[in-house]
Amino acid sequence: SGDGGDGDSETTAGGGSDGTETTDETDGTETTGGESTPTVALSVPSLEFTFFARMENAFEQAQSDGLISSESSFYDASNNQSNQVSAVETAISNEVDFLMISAITAEGVINAIQQANDADIPVVAIDRNISQGETVTYVASDNVQLGQRSTELCLSFMEANGDGDSYDVVQLEGTPGASVTNDRGEGFQNAVSENDSLNQLATQTGEFSTQNALSVMEDFITQYGDEIDGVFCQNDLMALGAHQALRNANMSVPVTGIDGTEAWVEQFSDNEYYGTLAQLPEEMVTTAIESGKAHLAGEDVEDTITIEGLEVTQDNASDYLSDYFG
Amino acid sequence: MSQSVASGYRNRFTVSAISQYGPIIGLVGLYVAFSLLNDRFLTVGNQMNVLQQVSIIGIMAIGVTFPILCAEIDLSIAQVMEVAGLTVATLAVGARLFEGSAVPVPIAILAGLSVGAAFGAVSGYVTARFGVPSFMTTLAVLFLADGLGLIVSGNRPIIGLPESITNIGGSRLFGLPSIVLVFFSLLVVSQLMLSYTKFGQYIYAIGGDRQSAERMGINVAAVRLGTLVISGTFAAVAGLVTLGRLGSAVPTMGAGLLLPPIAAVILGGADLFGGSGNMVGTLIGVLILGVLQNGLNLMGVGPSGQLVAQGIVLMLAVLANVSGEN
Amino acid sequence: MSQSVASGYRNRFTVSAISQYGPIIGLVGLYVAFSLLNDRFLTVGNQMNVLQQVSIIGIMAIGVTFPILCAEIDLSIAQVMEVAGLTVATLAVGARLFEGSAVPVPIAILAGLSVGAAFGAVSGYVTARFGVPSFMTTLAVLFLADGLGLIVSGNRPIIGLPESITNIGGSRLFGLPSIVLVFFSLLVVSQLMLSYTKFGQYIYAIGGDRQSAERMGINVAAVRLGTLVISGTFAAVAGLVTLGRLGSAVPTMGAGLLLPPIAAVILGGADLFGGSGNMVGTLIGVLILGVLQNGLNLMGVGPSGQLVAQGIVLMLAVLANVSGEN
Amino acid sequence: MANVSGRDGEYVVEMEGITKTFGEVVALEDVTLRLRRNEVLALAGDNGAGKSTLIKCLAGALQPDSGTIRIDGDVVSIDTPRRAKDLGIETTFQDLAVAGNLTVTQNIFLGREMVTGPNSLLGILDKKSMRKRARELLDDLEIDVDIDEKVENLSGGERQLVSISRTLLSDPEIVIMDEPTSALSVEGAERVLELIARMQSQGISIILISHNLDYVRRAADRIHVLHQGHSAGVIDGDDADQDDIVKRMVGGMPEEERNERAADA
Amino acid sequence: MANVSGRDGEYVVEMEGITKTFGEVVALEDVTLRLRRNEVLALAGDNGAGKSTLIKCLAGALQPDSGTIRIDGDVVSIDTPRRAKDLGIETTFQDLAVAGNLTVTQNIFLGREMVTGPNSLLGILDKKSMRKRARELLDDLEIDVDIDEKVENLSGGERQLVSISRTLLSDPEIVIMDEPTSALSVEGAERVLELIARMQSQGISIILISHNLDYVRRAADRIHVLHQGHSAGVIDGDDADQDDIVKRMVGGMPEEERNERAADA
């Protein structure tokens, strides 16, 4: 792995169209035939995560571009499992044309999805999958892969930065119990076991939050000091915290995250050993909408559409920023 | 006791209605408003949804009404709910901590409820015996239960639960969702307990004036302990029915469930400092929270608008409640 | 008032030390234990870290001590902290809601603090004027502030803050982290206010027995309002220094910060029902929570072990506190 | 009646036609009470007659349902205890308004603390002066309690004495005392009677509620008897005989008097 | 002394050498109090003398620092009010232990509710019977309050009457009344005195604390005077003269008596 580079993203699935371009095509809907502006719903785990805030923006963009109707609703579950189930139920009551969902946990919405299936409302899973029930497709990054690639990106930085033959990395995990945490952790472990030069020094939860990550990183520094060769964070908000702790301790080691959050990428300009694996939530949303509409139009849609994570480092940071946040 | 004069001397007027008549104004107002604003709001289907959506919080709210009436608090309910649900699930399926040692469903359920009762007993004992404020003991139990939940579940969701478990919270009986039936049964039993048993009477006496109650010969320690055991047990029941509602056991299923049940109790007119309130009030409080969210969801109000609307409407609803009392 | 006899009649003995002498036992115990268990725990550097790590919670805890002493509660502090910090950041940088309309730093800071005070004034007014429990009014403000935070920040981190802002919480003065200095200054000022002003005295009087205080001619409404304005303002200060600590403004920076400050206050020996407690107690409570987490982090205890350990140690610490009092 | 009220009129307080109900309970019905300038007016009546309710209306702790209150001839609305204090009315409540968690000194000064610098909510307490003054005050009243003790730790009588001593600090025009001697020893009660006499000599007008008819007869210029929420007549202290008072307390206003009144109206 | 205690001994309660301090405050020092079977023993003393503290030690509300308590000749440790009740000791506290947020009926029965079915914490309240019995009880005592009113809404005297009426329900062996008449009208106080006489005639032994020396002399067989935490002697009720009592209250035990005692020891 380790592709990336240009700002254009690829979709591995043949059925998916290029999301970034579709957003620009106002008449794109007509090509799918059928209902031109469906009423849809999108339920996400929590707007606490910038990642989902970007989805919200993409959703609103799609609304104003006329890809979906203005009655479409966006639901924030505030990380509360019952809230998400309620949101799905409400969407069913509102008889949406199809439902997009990023499940807090894959298993937490089993019944809700069952209800949607029973009501013949198509479901598109996005970013976080669901474990049971019928879906049109699953549009997402591969989180295990993201974890592994980001860890390996960190390793490549460490190799470039140092000269030893073994490197000690610490990991900052996301919310305990969340599927992304488990998946990215698995990817991290894969990287550790596949690369002999890579050792896990410590793992602690930063709960996907900047200030928790900051405190934990401070304590890591106290405990391990110079032993730390690099930091892998399961998302970019935590990378910001780790960065701050390292800066305060006058240390400079590679840090990688996941997400491609603007604020983190902006730190790259004066640090060549910072990086992230950008997810492309905007593209996930538009792709999901495309797929849902295609399904309504009776077309076949691939079971999974993987939006490949985009490796962002100092090299391509400014391109990335101007492509996605310009 | 340091209650203001103004609220004291009207009690006679509204007799026991004081905490029922008041809060209901806010609820009725919400119903009128949402009925006018949205056609689907007052449909049977949607009202059934609302009931289902509030049931888990409702069960926890009923449970925590006991300690609150007794001038105690229980901060551990969300985590106890989680660990109890996870215990039932892992035991029944024979997964994770109990890999390969599945037990019959009734025993799994009993174990789950016992876990809830046991946690309540721990905080209750330390509070009643040593006079440690329940705020602190239940906070400690919050951590304990959260940790145990991670251990029991290995941090991962559990699926494939036997129907005999998921039916408790996820089936229909006499055309009503079973979870709603569980909620209402517990509500009725609890109100009867409060109104017609010595235990109920003592809760009010202790909540009103602990020292006087003690001097009048009440076994204060037993009652304080009892209220916390009840709230732990009810939290466990909430965990059990959640399995049916979600269709799985998820290690994060308690997230965001600390404040709403307690808020519902206070919204229902109970005094946070003990001695007044009842289960009908709690029901109304639960419904206000549930209807508010459901109505805003139906209207498709976006996340930030929803928060602002919730804040404003909540403020108005409590104002209506309080002026309804006076 | 319904305080048990046992806790009442020793007051004379320990004079005002009651809530200082007690809680300190738990803290000293923690220090001894962690010093034995880990070499780096008692280093100057780590102790400085602990102070830094507790400062934000500490500032919020000091603020919320005022309402708690007055038998009120403030549930909105975490969201108020967030929205105030985001307001300062977006105004100073001219981003998001204030895109292109940057204002001078002092004005941005003033605006942020005013937002905090204003939210406190809203809940304080409704509580003091209409007798709505502060639990409910501050819960409503919690939603309002959360929503406003989303609107102000667009849910994205804001970086590139001017140094004049980040220095407030992120620089060093006389060899001490500035955030710690802010914390201790506020602590001292607050304790002086409690001990030596009419306002402080009235807080205790009202917290002890509101009706009596009113009958003795105290302007109860003004004092109740005042305590909530203070806690809102202090939460805003916490938001401001958080910008320095994190080096950026993150929309999630309030997450998980509701319970710890309140817990610290109670852990420090204040009565949740008002009338007793002080800032020194709050400091001790804050330190107990901070040291516990720091020590466990240093020892490399994993997430679930950490939760369990926190639960057990917290239970022991409060037990020690209470037996220290008796 | 204009000539008997106003700043120099005969009556310093006129409560007229006061009615107060609590739900279905009628605590007071059309009660009229007038306090003459500089007199000690006793308010007597059986338990539950409405004495405390009546004076709470004057002290700002309760709002009457109907009726008017005149102070120095001016109609006033006394919506809070603070307002009553502003009008010069100082009250010792039956269920002692004290802050148990504060010390004796703090209680004595609560609401009118001595401060150094500007007197606002943020005024700096002059603790030393207050302790000194409190000590003097209690010595003066021969009250032997530790001024730094929390009030909740005092004995019942001591607590009552502290509450009474509060009235002395504010230079009031009108003092209301609801059962000020109920928890006091014979000695303590004597001191309170002396205090009442002293206040009267300083020009203060006083309403005294007490079940001790002995004390009432000794201290009061006139005795206003309440019976089940109604006036049962006012008796001159000098020719008050215990039997007459008790008869009114138990049976209400004598038939004759009631008829007289009816004729008057 | 063995012959004067025990089930049939002279003394039903013997508190010996009771000392109780609160921090630096010595509330009681080496106080000995003996209650004879079936007598009314009054406990008199100035405010703050230690009367309430002493009886709280017997009622289980406080633990003495040292000293022993014998009930019917057996040494007992009374660590809670519940324990006191189990020993047959029923108490009316000076600062009324009542639950303001409960009704009169509920207060009267609190802790010993009538239930249908098994009598556990989950016993089903027999509300009807309790209301009936409460009504009877209050009628019997001529207490005119609404049995369904919340106690916090009662007048001071009414509240006290409710608290007193509680003592009658439990069939106690020993009754302690701390200032039971302080808030009562003359009428009300008379009824309480009658009640005390009635209880005595039923074989109950009674400790009565009151500042009303009139009532004390009428009701008590013996009067135990406390002075600043020390015994100031026990006087026979029959030849008690008010001056002697007051002298002891104010000055403590007379010199002669103290010397006698010293000689005894």
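Letters A, B, C, D and E mark the chains as written, and numbering starts fresh at 1 in each.
One rule holds in what follows: contacts are C-beta pairs under 8 Å (C-beta built on N, C-alpha and C of every residue); 3 or more make two chains touch, one makes a residue touch a chain.
Please read these numbers as outputs of a predicted model, since none were measured by experiment.
Asks: Quick one: how many steps at least from subunit D to subunit E, stepping chain to touching chain?
Replies: Steps on the shortest route: 1.
Asks: Give the label of the chain whose average Cα location is farthest from that of subunit B.
Replies: D
Asks: Does A-B or B-E have the larger number of C-beta pairs in contact?
Replies: Top pair by contacting C-beta pairs is A-B.
Asks: What chain lies farthest away from subunit C once each centre is taken as the mean of the Cα atoms?
Replies: E
Asks: Quick one: report the Å distance separating subunit A from subunit E, using the average Cα coordinate of each chain.
Replies: The answer is 74 Å.
Asks: When the centre of a chain is set as the mean of its C-alpha atoms, what distance in Å lies between subunit A and subunit B?
Replies: 34
Asks: What is the distance, in whole Å, between the centres of subunit B and subunit E, each centre taken as the mean of its C-alpha atoms?
Replies: So the centre of subunit B lies 44 Å away from the centre of subunit E.
Asks: By the touch rule stated above, which residues of subunit E touch at least two different other chains?
Replies: Residues 22, 25, 61, 149, 153 of subunit E touch two or more partner chains.
Asks: Can you list the subunit A residues in contact with two or more other chains?
Replies: Each of 47, 56, 176 in subunit A touches at least two other chains.
Asks: Note the residues in subunit C that touch 2 or more other chains, in rising order.
Replies: Subunit C, residues with two or more chain partners: 1, 5, 9, 11-12, 150, 208-209, 211-212, 214, 303-304.
Asks: What does subunit E use to touch subunit B in their complex?
Replies: 59, 61, 80-82, 85, 91, 93, 96-102, 106-107, 110-113, 115, 120-125, 127, 149-150, 152-153, 166
Asks: Across the complex, what residues on subunit D touch subunit E?
Replies: Counting only subunit D, the residues touching subunit E are 22, 25, 45-48, 52-53, 94-95, 144-146, 149, 153-158, 161, 179, 182-189, 211-213, 246, 249-250.
Asks: Can you name the residues of subunit B that touch subunit E in the complex?
Replies: Contacts found on subunit B: 1, 8-9, 11-12, 193, 196-199, 201-202, 204-205, 207-209, 211-219, 222-223, 226, 275-276.
Asks: Looking at the complex, which residues from subunit B come into contact with subunit A?
Replies: Listed in rising order, the residues of subunit B that touch subunit A are 40, 43, 45-46, 49, 52-53, 56-57, 150, 153, 155-159, 166, 170, 242, 244-253, 255-257, 293-294, 297-298, 300, 302-303, 306.
Asks: Residues of subunit C touching subunit B in their complex?
Replies: Residues of subunit C touching subunit B: 1-7, 71, 73, 75, 126, 130-133, 135-137, 139-148, 150-151, 208-212, 214, 258-259, 263, 266-267, 271-274, 303-312, 314-315, 318-319, 321-323, 326.
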